[in-house]
Structures are given as structure tokens and as C-alpha cells.
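This report concerns only the one structure given below.
Labels run A, B, C, D, E, F, G, H, I and J following the written order; every chain starts at residue 1.
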Amino acid sequence: MSQDIYQGLTQLGGHTEQPASPEEAVLERVPNPQADVDYAVRFTAPEFTSLCPITGQPDFAHLVIDYVPGAWLVESKSLKLYLTSFRNHGAFHEDCSVSIARRLIDLLEPKWLRLGGYWYPRGGIPIDVFFQTGDIPAGVWVPDAGVPGYRGRG
Amino acid sequence: MSQDIYQGLTQLGGHTEQPASPEEAVLERVPNPQADVDYAVRFTAPEFTSLCPITGQPDFAHLVIDYVPGAWLVESKSLKLYLTSFRNHGAFHEDCSVSIARRLIDLLEPKWLRLGGYWYPRGGIPIDVFFQTGDIPAGVWVPDAGVPGYRGRG
Amino acid sequence: MSQDIYQGLTQLGGHTEQPASPEEAVLERVPNPQADVDYAVRFTAPEFTSLCPITGQPDFAHLVIDYVPGAWLVESKSLKLYLTSFRNHGAFHEDCSVSIARRLIDLLEPKWLRLGGYWYPRGGIPIDVFFQTGDIPAGVWVPDAGVPGYRGRG
Amino acid sequence: MSQDIYQGLTQLGGHTEQPASPEEAVLERVPNPQADVDYAVRFTAPEFTSLCPITGQPDFAHLVIDYVPGAWLVESKSLKLYLTSFRNHGAFHEDCSVSIARRLIDLLEPKWLRLGGYWYPRGGIPIDVFFQTGDIPAGVWVPDAGVPGYRGRG
Amino acid sequence: MSQDIYQGLTQLGGHTEQPASPEEAVLERVPNPQADVDYAVRFTAPEFTSLCPITGQPDFAHLVIDYVPGAWLVESKSLKLYLTSFRNHGAFHEDCSVSIARRLIDLLEPKWLRLGGYWYPRGGIPIDVFFQTGDIPAGVWVPDAGVPGYRGRG
Amino acid sequence: MSQDIYQGLTQLGGHTEQPASPEEAVLERVPNPQADVDYAVRFTAPEFTSLCPITGQPDFAHLVIDYVPGAWLVESKSLKLYLTSFRNHGAFHEDCSVSIARRLIDLLEPKWLRLGGYWYPRGGIPIDVFFQTGDIPAGVWVPDAGVPGYRGRG
Amino acid sequence: MSQDIYQGLTQLGGHTEQPASPEEAVLERVPNPQADVDYAVRFTAPEFTSLCPITGQPDFAHLVIDYVPGAWLVESKSLKLYLTSFRNHGAFHEDCSVSIARRLIDLLEPKWLRLGGYWYPRGGIPIDVFFQTGDIPAGVWVPDAGVPGYRGRG
Amino acid sequence: MSQDIYQGLTQLGGHTEQPASPEEAVLERVPNPQADVDYAVRFTAPEFTSLCPITGQPDFAHLVIDYVPGAWLVESKSLKLYLTSFRNHGAFHEDCSVSIARRLIDLLEPKWLRLGGYWYPRGGIPIDVFFQTGDIPAGVWVPDAGVPGYRGRG
Amino acid sequence: MSQDIYQGLTQLGGHTEQPASPEEAVLERVPNPQADVDYAVRFTAPEFTSLCPITGQPDFAHLVIDYVPGAWLVESKSLKLYLTSFRNHGAFHEDCSVSIARRLIDLLEPKWLRLGGYWYPRGGIPIDVFFQTGDIPAGVWVPDAGVPGYRGRG
Amino acid sequence: MSQDIYQGLTQLGGHTEQPASPEEAVLERVPNPQADVDYAVRFTAPEFTSLCPITGQPDFAHLVIDYVPGAWLVESKSLKLYLTSFRNHGAFHEDCSVSIARRLIDLLEPKWLRLGGYWYPRGGIPIDVFFQTGDIPAGVWVPDAGVPGYRGRG
């Protein structure tokens, strides 16, 4: 039965401490209940926040993560705690975006994964970072993330 | 005459009980009146709702279903009743989305089928599920579903 | 001179009776004045209306028709009268959309034709129908129709 | 200290059963921590759902509730459970919208309260219900709810 | 009980013939179940259609009707049938818009009524008609209809 | 009967020469068929064009005209011909906008009239001109014209 | 004749040097050709730019200027040159916005003037400055400037 | 000279430690350089973040602050540091929003102040808090904040 | 030096008579200063206007022209004068759009050229014309023109 | 550690003079910390400004720069200073856009680079310039820039 796939989890359903850093965060996985077909899953985290490693000021990003699962799904509560754990962590935009993608790849061994990091402007010229493991697998549907470009003001 | 294709139906035009679960729902099909050409049909269900199997709280999704019919069309009233039958049914996002697509495939034996499940956020990070049976058949037009990404607030 | 291409027409420029049904409507064609190059023409009819063949209630659709002309262009006033002639005609969504496309194909013998029928929701789950005669011809530009998906309310 | 205002509550922070009907739902209130000034609070519930008392089919609404608290604030988790309790409850649009407003008035004795119920279309012509207890109190700011009108399709 | 207010109705719940003209349409009313307070009700009919009395060509309009009920509510199915009955009826924009409002006033004796008729362009310059019985009653909330202005193309 | 109000007209229904200048244009009026109540009528002309009196280059404007009729309505075809007659006429933005309003006032003797001229940018800083004969008459509804501000690009 | 009102001007129609500072800029006025009625004129300058007086970095603003002319209109080319003259001028947001308004008031002696300065964000928290000489004069129409609020990103 | 108004400041232009809590933050003020007229200043902070005092999870809000300065302007860098200091501070939505407004009032003694706190949804039903010190002063222009309502998804 | 490429031009920088017809218009070209790489240039003319050759009434279109220059660039002022010269010229939509593209091809001998003509509706059903000389050259970026479809009203 | 990649920089973190021209600007690079995978980085500069080399008037553009880094990343502060250095520099649209791209290519030796220059309209017909070094490298994700087309006004 499908609930069984959540049996080994340590965080879901109970009260969980907010991890203090990405290293402390425990990212968990569950078996893919539809593993005999290919499909894509998208997570959107519109309020990701970390710190600038030089100035200590907060940075903000809108993250969109798409993946085609293989044997595993990411457990969504652990993903949320992992993303929140960057709150007091210093990280550059390009490096941070790509490293989140790579940690998910290590955990999930997905057929494909893409991460878009749309960072809020600081000083007027925002940076976006677009990473994927290669072309979308043949026959799989992954709609465009559709995040609108930065327009300044007015 | 084209009305004749609806003759064997049990639900259309009469009063129909709302089925209490997906298992009870009777999904019906009618012959495709334009079966000698390929074309696509899209259904959009912006208020799909089911229950979280862990907490019992309602989940909401915006579903977009595209298919290229072969010999059969889905009868639209039965599709609506089937989708509504998830109202008191517990289901995980990934599993639920893919299983709806698979039930339609079993019934319709379409040339191609795609389902996008855009789930409303719970805790701030929504999940989308994108399934299709493979690439869009050659020569067929299926416009992008165009569902905008989640943007948080403000 | 280019006005000459309109000489054989029976409806343009004069007063014309509104045809009572699609069968009575006279769809006319004129020679393509730029027939030595390939290009595409789009008509958008945002207020197409017909009747439900079961209940007699009005249905509404937004139609987008694209074609790559060969020797002929459709005369636009006759197209308008033809589309308006469905006002009191009963037709199912899938059948009606495809049959309009086919009548235009019979008349125009175009190099390619596409019709999108975006029907308004009845009971909350609208149907769209997408038909084309095959892939867009090589080297021709046909922008996406860009009709937004149905979003419900709120 | 401000956390103390939540001490008498029965639902917040613990696991709570979903109430089966509006009558069973326990709507709770807490002391207003800024009771010496006037201000407004807005709740937006974009996925309210109830049943049609005639056909048993689900209805959906987007609700916007504004109020100017007096001595009491509504406790937000109990408000959420109350609104969710309409899920299997039959109610007409006009009656249902106004009765939710009145129950909140009974509980909170606010200086002012407004409720907008924007119901999704059934059959193409949606109903909106707008209720308030009178003019916005002098000197208080309540921005327009800004819910866009229904536009059909296309 | 609130269902009782629908007892005298002739159209709701049964099968109803589509009336052939506004004169044949039977507009019905039910007692206002919340008659001891003032509130507003909005109907939006985005696909109103009638005929031009001079040329016989179809006209289209987006109608928004707001009213503050007194003793009566309009029964929504009869309102829909009434509006649909203009489908083959000739009417000028200004005259037609105001006359619909006046028939509703005769039936409902509302505390206040407003009708906006936003007609689709013919020849590039659309006409809008705005009617109300006077200022919004004191203390009642009627949000702006918010229908966007016509913008031409491009 | 309402068609009779158009009997004295010289342009409607027949073929009409495009007037070569505003002076040559014949602006016509018909009796107001709902003269016993107050209501507003809006015309939107998104492609008004005239010439710059200094350089002879074309200017473009989006015009919105609202009025509350007294005894007369403007006949819409004559209004269109009048506006089109500015096509080869030199006029400054402020002067032109206000003079159109004044000619309509002379003809119609309306209870109230407003004209908004939203001129397209030339050199990056567009001019808008807003004229009305005074406050909107008490009890009449005239929604905001809602023309979006100029935003430049990007 | 209306062109005569431009006879005393020094900049319009000829080639003009770009003034190097606001002090050097010559702001000119012409007689109001419709001075016997009240109306409003709006200028929108979406690319105003000046320098930060502390850091020397460029600041950008979207300016909207509305006024009700008395005896004088501002000559639009001189206004454009005046605004462009801030390009290499250091100015704080609040001070700069209000001072532009005041220079126009000195020149034009308008019946009323309003200036909105919507400054682009620097460091994430933009400043807007809203100035007017008092309430809009009775009976004059000045639509809302409608500049959307800053939304950050995503 | 206008730069002089910044002479007493302790934070502007130098490197500043991020204050660890609202209590530690030093909110500074400068003399209003246009104190002889009334005008409004708006700050928009689209990424305000604090912690839930019960669960410790981050909350996000979009803040809009408008004020009409008297003798003082708030120094914008100190405002930014003050708002950022809530990053690890526990606060309820209603209480937090109103208390920020009150601290600004204590510092600035403005002629008027308004704060809108638009909190991101947690569990699907967001809370907005609207506070102002009373009606907008006569003759001052404060455009609507224009923050769009929460719409859920799809 | 790059200004030199403009030396042979007859219109740029001086005062130029508006040409009375497309035949009189002088379309000019300048050497491509970046001719050793491939890139695309887009012109957008949102207010193109010509006359209907049958009725003499004005037609309006939004034109988008993209090209990949070879040895030549079109001089933009001459392009503007050329487009404006259609103001009093009779032309059918399909014919006119394609012929503008062909005249540019004759002049510029571009590596590729595309023209989209989005004509304003007359009678409710607008025509768009899409022409290009073939597929976009390999390795060149030409974003979609993104002109929204016609939506009628409401 | 990742901060080390910034050690050789001359501008970051300290106070930096604004360079007076593109030639004076020092564009700097840092090692790519994720050089073993391919990904894309986007910069958006919505307020680029330069001068017209003929008239000296300011031009404005919205720039979008995408690149796939090889061994180097552009240091973002130096990029910002470089772009700002065009403020008093004369440049034609096509030439300027392509030359910025080429300077970045010289510095970064990227695997791929694209630059879109969307220039604000002058005289009503804006120019866009689209450059890239060839097709997007296989397997890399670069979303469309999504800058909306120019629409004129209204």
C-alpha cells in the first residue's frame, strides 16, 4: 500500500528541529510508487534565502527544481527543511544553485534533474543560474518553468 | 448520425449519483466521430480536490489532461464525475496524478495521453507532476498547457 | 491589379443575408496574390457560438484558424458568415471543431491548415480541440496561438 | 508576553480532528494584542468548497474576509478548520456567504466586518456575494479586495 | 429551512425549454433568506449575444449585474434563460442594456441595481453602457466591476 | 418602435464617403430611447490618428469618451467617421483632445461628458489629456477608464 | 491660429544642445489654447536618471507629472530637455522629486500639480515620493497614475 | 546644502554590522529638506522575514510603508537594517505588523503613517494586516498600495 | 569610425518630407558594422495604417520585422518614413504584409527576414499574416514575437 | 574554499570609482567553482543607458546576457561598472549591443554567450538586437528571455 513507502522516514509527521546548516539537514528519499513509467516532478520554492558570504546580508531566490525520478522520490518535508537550512549559510549564487542540484542528484540518482535559481536583484542587475544534467529524457514532458524576467520598476 | 454515438451511455442526460470513490466511478467512452484523422482534446479541471492520506486535510490541484483519441472519446460527464470522486479519497500527489492518467489510458487506448497535475502549495513549496506516454505523435498539435508557475505572494 | 482577384465574389461589398445554417453558407475563395512564396494567415473568432445538440443550450468557443495558402485565399467576409451560421446549429465540440477545419481544407486545398477550438466551460471542465493537417511546412512561420488556459476563478 | 494570548486555545499546536460540519467546528478567539488602535485584518481562502444542496455536486468559492478587531482576534487555525468544515455541507451561495460572516460577527464582536464570496461559474454565469456590516470605520484602511471579474474563456 | 424558498419555482431542477424571446422568458424570484441585512449580489454573463436590428448580424456583450436585494432574490436559472433568450432578438446597445436592468427592477424591487454592458467592437469602436438606479446604498459594499477597457490589437 | 429613432439619418446603413476633414464630417444624433433615466455611454477609439501641425508626421492616440445622454444619443457610425476625419488633419495634443469633446457637447447637450486622450509617445515622454464637464452627475455610474500608464520598455 | 502659440519658443523645431544641468535647462511655456475650461495634462517619463550624491552611482526613476493648466502649458520639448539634464546631477530621492514639481509650479502657475517619483530599488527597498499642491480641483478628472508597486522578483 | 542633513548618522556610507534583533537595531532620522510642504514617501520591502514564535519556522511578508513626513525623514539604510533585524525574531503577524508601524511613529512623529503587511500563506489562508494612524491628511496624495490578492494556484 | 557608415544618406539628421506613397518613399541602407558575425535585428511598428482598397476606410496593424543582416542594415529613419507612406495607400492585408517584406529583401539582401502583420479586427475576426524567407539560419537567435492573440472583449 | 576565488580582484568589496567610459572600465573574471559541469548564468540589466552618437540624446535599453561559463565567471560588480560606463558614451544600437557581447567573449572565453538588447522606442519604432555565438550547447538549459514586445500605448 502506498503509505508504506514512508515507513523508514525520520522527520515526516513528527515535530522536527529546523536544521542549522545544509550539512546538518537530513535529506530523505522514498521508493517511487510509479517507477515503471517516466514522469517529472517539480518543486517551486519562492522564498529561498541564504546569506552573502562577503557582507553577511540576506540574499533571496526563487528556486524551481524539476526531476525525472528513477527508483526514488525526494521526501518533500525533508526537502523543505533542507532548503530552509540555508537561512544562515553563506553562499555565492552560482555555486549555491549548482550545489543544491548536485546534492539532490547524489541522493536520488534521478534519470534527469534541472534547477533554476532566480536570484533577487542586489544593485539592480540580478543573476539567474540554470543547471540541468543534460537534455530532457526522450518522451518525457517538462513544461517551461515560466519565471518572468526581471523588469526593474515602473 | 453523430448523436447515436452516445446511445450506450448510462450517465449522460439523466440524473446521476455522485460516486463515493474512484473505484465506484464509472468512466465511459463513446466512438470517435472523426477517427480517420489525428487531433488532440484537452480537459482542464481547475478544482480537483482529494485528501492527504496522512492528515486527512484537503489537497487541491489544477489538472490538465490532453489526449489524441484513437477509436474512443471519453464521455465528458463521466470524466467529471470520476474526477469529483476523489473528493474524499486519500492520495499522494505523485501517485494520484499518474494513476488518473493510467486509468484513462486503460479505458481509451489513446494514441497518446498527457496529464499535468499542478498541486496547490502546502507549507509554501508546491509539487507539480508531469506525465505523458511519450513524445507527441508526429504531425499532431498540442499547445503548451501554459499553467503559470507558483509565485508565492506580493 | 489586386482588386481584380475579388471579381467573381457574390457577397463582398454588397448586403448579404445571414445564412441560416452551415449548409446554406457559401464559403468563397480568391486567388492568392502572393502564391509564389509560402506564408501563413491566421483568423481569430473569439465569439463563435453554436447549440448543444442534446440540450439546445448555447455553447461558446474561441476559434483560431491558421493556414498556409496554396492557390487560394479564403474570402474573409464569407468566412465570417460561415462561422456565424452555426448560431442555431447543434454540434458536439470535438466533431464541430474538426468539421470546420475539413470544410476549409476542401475549399482551399491549402498547403497546411490548423484549427484550435477553445470551448467555454460548462460545469467547470472545459474542452479544447486541436487539429492540424500535419507538421507546419518546413521554413514557414506560424507563431503559437497563445490562448491562455482556463483558470476557473479567484 | 504575546504568546500568552494563545493559552486557552484547544486546537492550535496540537493535532486536531477535521470537524465534519460547520456546527461541529469550534471557532476560537484570542485577545487582540494591539487593542488600543484600530487596524484591519484580511484572510483569503481561495479554495473554499461546499456542496450544492439540490444536486450534491461540489461548489467552489474564493472568500475574502476583512475585519477591524475590537477586543478579539480570530485564531487562524480554528478559522481554517471552520471553513474546511463546509466541505460536505449543502449551502446556497447567497445564504452561505452571509452566514459565515454572521458567525464571525457573533464570535468576535468586531468593529467592522466584510466578506466577499466569489463563486466559481456553474453553467457560465457566476454569482458573487458582497456583505459588510456598514461603512468602513472612519480612519481605518481597508484596501479593495481586488478579485478580478470572471471573463469566461479566450 | 432554506430549500423551501425554492418551492414555487417552475424551472429550477426540471428540464426547461429555452425561451425563444425575452417576452417568452419567465424571470422568477425567491424570498431573500438574509433579508434583515443589506448585501450585494453580482452576476457576470460574459457571453451575452443578441442581433443587430438593422443588419441581423450577431452582437456580443459582457454583462455585469449587481443588486442589493430587498425581499427577493432573482432565481439564477431563470436569469440565465432570460439572458439566453436574446440570442435571436434584435436590440440596440444602449436600449437593450437599460431594458434588461429595468425588467429586473420590476421583478425584484431591489434596494439598488446596476448593470454594465460591455459590447464587443464592431468596426473598431466599441460601446459600453453603464446604468444604475442611483448611488450605492450607504454602508453597502459593491466592488468595482473591473472589466478592462478595449485595447484594439498589438 | 426603436428603429424609428434612426429615420432622419443620412449615413447609417448606406455607403458613405469618408469625410476629408473634421469640418466636413457630419456628426449626427438620434433621440435617446431611455431618456427618463440617467445612464452613461462609453466609446473607445484605440486607433485615433492625426498629423503633427509642425512636422506633418502622424500622431496616434487612444481615446475614451464617456457621456451621460440627455435628449440625444450620438449616432455611432457618424462618430466613427468624424474621428477618422482627423487622419490628415494637423492638431496639437491638448487642443485636439479638448476640441473633440467640445464638438460633441455642442451636438448632444449631454448631462455630462468626459474625454481622455492617451497619446502615443514621441521621443519617450507621452502626453495624456483628461477633460470633463465637471463632476460625474450624482447617482450615475462611470467606471474608471482604466487605460494603463506608459511604461517604456522592458 | 493654434500654431502661433509656439512663436516665442527657442528650442522647438530646431536643433538644441542638451543642457548640462537643471540650472542650465530652459523650461518654456506657451499660452493654453483651451484656457476657458479646466482639464488635466499628464506627462510620463519612464527613464528619468540622476546620480546618487554620495556614491556617484546612477539612480533611475519613473516620473508621472499631472497638472491642470491655468494660462500656460509647458512646452513638451523643453520639459524633456529639463528632465534629461538631471543625468549627471546628484540628488536625493525625496528632495529631487519635490524640487522638480516646484520648478514647474514656478513656471506654469497651474491650478493644480502632482508629481509621483517611483524610484528603482537599490538594495531591495525602493522609495516612492508623492507630491501634489492639494486636492484635485473640483470637477476635474485626474485618473490614478496606476504605477504598479515593486514586487521583488519571481 | 542637502548632503548636510546626513551628517549625524552612524550607519550610512560605512560598513555596518547587521543588528541581531529589532531591539538592537538603531533606526535613524534626518531633517526633512522639504518640510514646508506636505508630501508622502513610500517604502516597499518585498522580502521581510521573521520567525513563527510557536514553531520557529520562517514567515515571509511583503511590507508597504507610507508616511507623510513632518520634521523628519527616516534614513533609508537604517530602515533596511531594522527590517532585516527581524530575521531571527519570533513575532505573530498582527502584532509584528502594528509594532513596526508604532516604532516608526515614535521616531518620526509623522503627520500620518500607514503600514500594510501582506504575509505569505501558511496552510493556504494568508493574513494581511492594514494599519494607519487615521485618514490620509487633507490634500495629500497617497496612491493605493496595489498589492494583488492571494490567488492560490492555477 | 562607425558614424561614417551614414555618410551617403539623404534623410537622416535633416528635415525630411513625408513621402505620399510607398512608391515615393526612399528606403535606404548602410553598411553592417558587425558583418563578420550573424545576429538579428527587430523593428516593431505598433501603429501601421493603410486604407481598405474597396471602402477607403482606414485599416490598422501592428507590424514586427526581424532580419539577419548580411552586408547591409536598413537605415531606421527611412524605414519609418516608408511605413508611414502607406497612410493613404489602399492595400489588402495579405498582399500588403508580404509586399513590405519583399521590398526590404530587395534592398537589404538579408540572410533571413520575417514579417508579422497583426491587423486590427474589422467586424470581429482579425487577420494575421506571417511571412519569412525560410527557417531561421542555424545558430542565430530570434525570440518569438510574442504578440498576444486577439481576445475580443470582456 | 569558495571565497578564495575572489582574491585577485581589484574592485569587489572596496569603494570603486565609476569608470568614465567603456575603455576605462576594468571587466574582471574569477575561476568557475563548478567548472566540471555545464550550466548557464543570466544577467538582466533593465536600465542600460548610452548616448546617441548623432544627437547626444540619451538612449535606454533593457539588456539580457546569458552565458555558459568555461573556466571563468564574470565578476558581477565589475560587469555592473562596465555597463554603467556607457552612460556618457555615444553608440549605435546594433553596434553597441554586439560589441558588449564581444568584449565579454574576449574576457571569459565562454562555451556560449547570448546578448539581447531591447532598446526603448524613439519616434515610435523600437529596435531590438539579438546576438549569440551559435546554438545553445547540447544538454544545457537556457530559458527564453521572455522580454515582452513593444506595444505602443492604449
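Here is the rule we go by: a contact is a pair of C-beta atoms (placed from the backbone, for glycine too) under 8 Å apart; a residue touches a chain by one contact, two chains touch by 3 or more.
Small disclaimer: the values here were computed from a predicted structure and weren't measured.
Participant: Give me the chains shared as neighbours by chain A and chain H.
Facilitator: Where chain A and chain H share a partner, that partner set is B, G.
Participant: Compare the two sides of the chain F and chain J interface and say whether they are made mostly of the same residue numbers, over half shared, or of different ones.
Facilitator: Chain F vs chain J: same; shared/all numbers exceeds half.
Participant: Would you kindly say which chain has the C-alpha centre located farthest from the C-alpha centre of chain D?
Facilitator: I
Participant: Assuming a repeat means more than half of the contact pairs shared by residue number, which candidate in E-F, F-I or F-J repeats A-H?
Facilitator: F-I
Participant: Mind checking the centre-to-centre distance between chain D and chain F? Centres are C-alpha means, answer in whole Å.
Facilitator: Chain centroid spacing, chain D to chain F, equals 45 Å.
Participant: So which bits of chain D are touching at least two other chains?
Facilitator: 46-47, 60, 62, 120, 123-124, 126, 144-145, 147, 150-152, 154
Participant: Within the complex, which stretch of chain D touches chain H?
Facilitator: Those residues of chain D that touch chain H are 2-3, 6, 12-13, 32-34, 37, 39-47, 62, 64, 69, 73, 76-77, 79-80, 83, 138-147.
Participant: In the complex, go through chain B and note every residue touching chain A.
Facilitator: Within the complex, chain B contacts chain A at residues 53-54, 91-92, 94-95, 97-99, 102, 114, 116, 121, 123-135, 144-145, 147-152.
Participant: For the complex, which residues does chain C have touching chain E?
Facilitator: Within the complex, chain C contacts chain E at residues 15, 17-18, 46-47, 49, 56-58, 60, 84, 87-88, 120.
Participant: Sort out for me which residues of chain C touch chain D in the complex.
Facilitator: Contact set of chain C toward chain D: 46, 60-62, 118-124, 126, 147, 150, 152-154.
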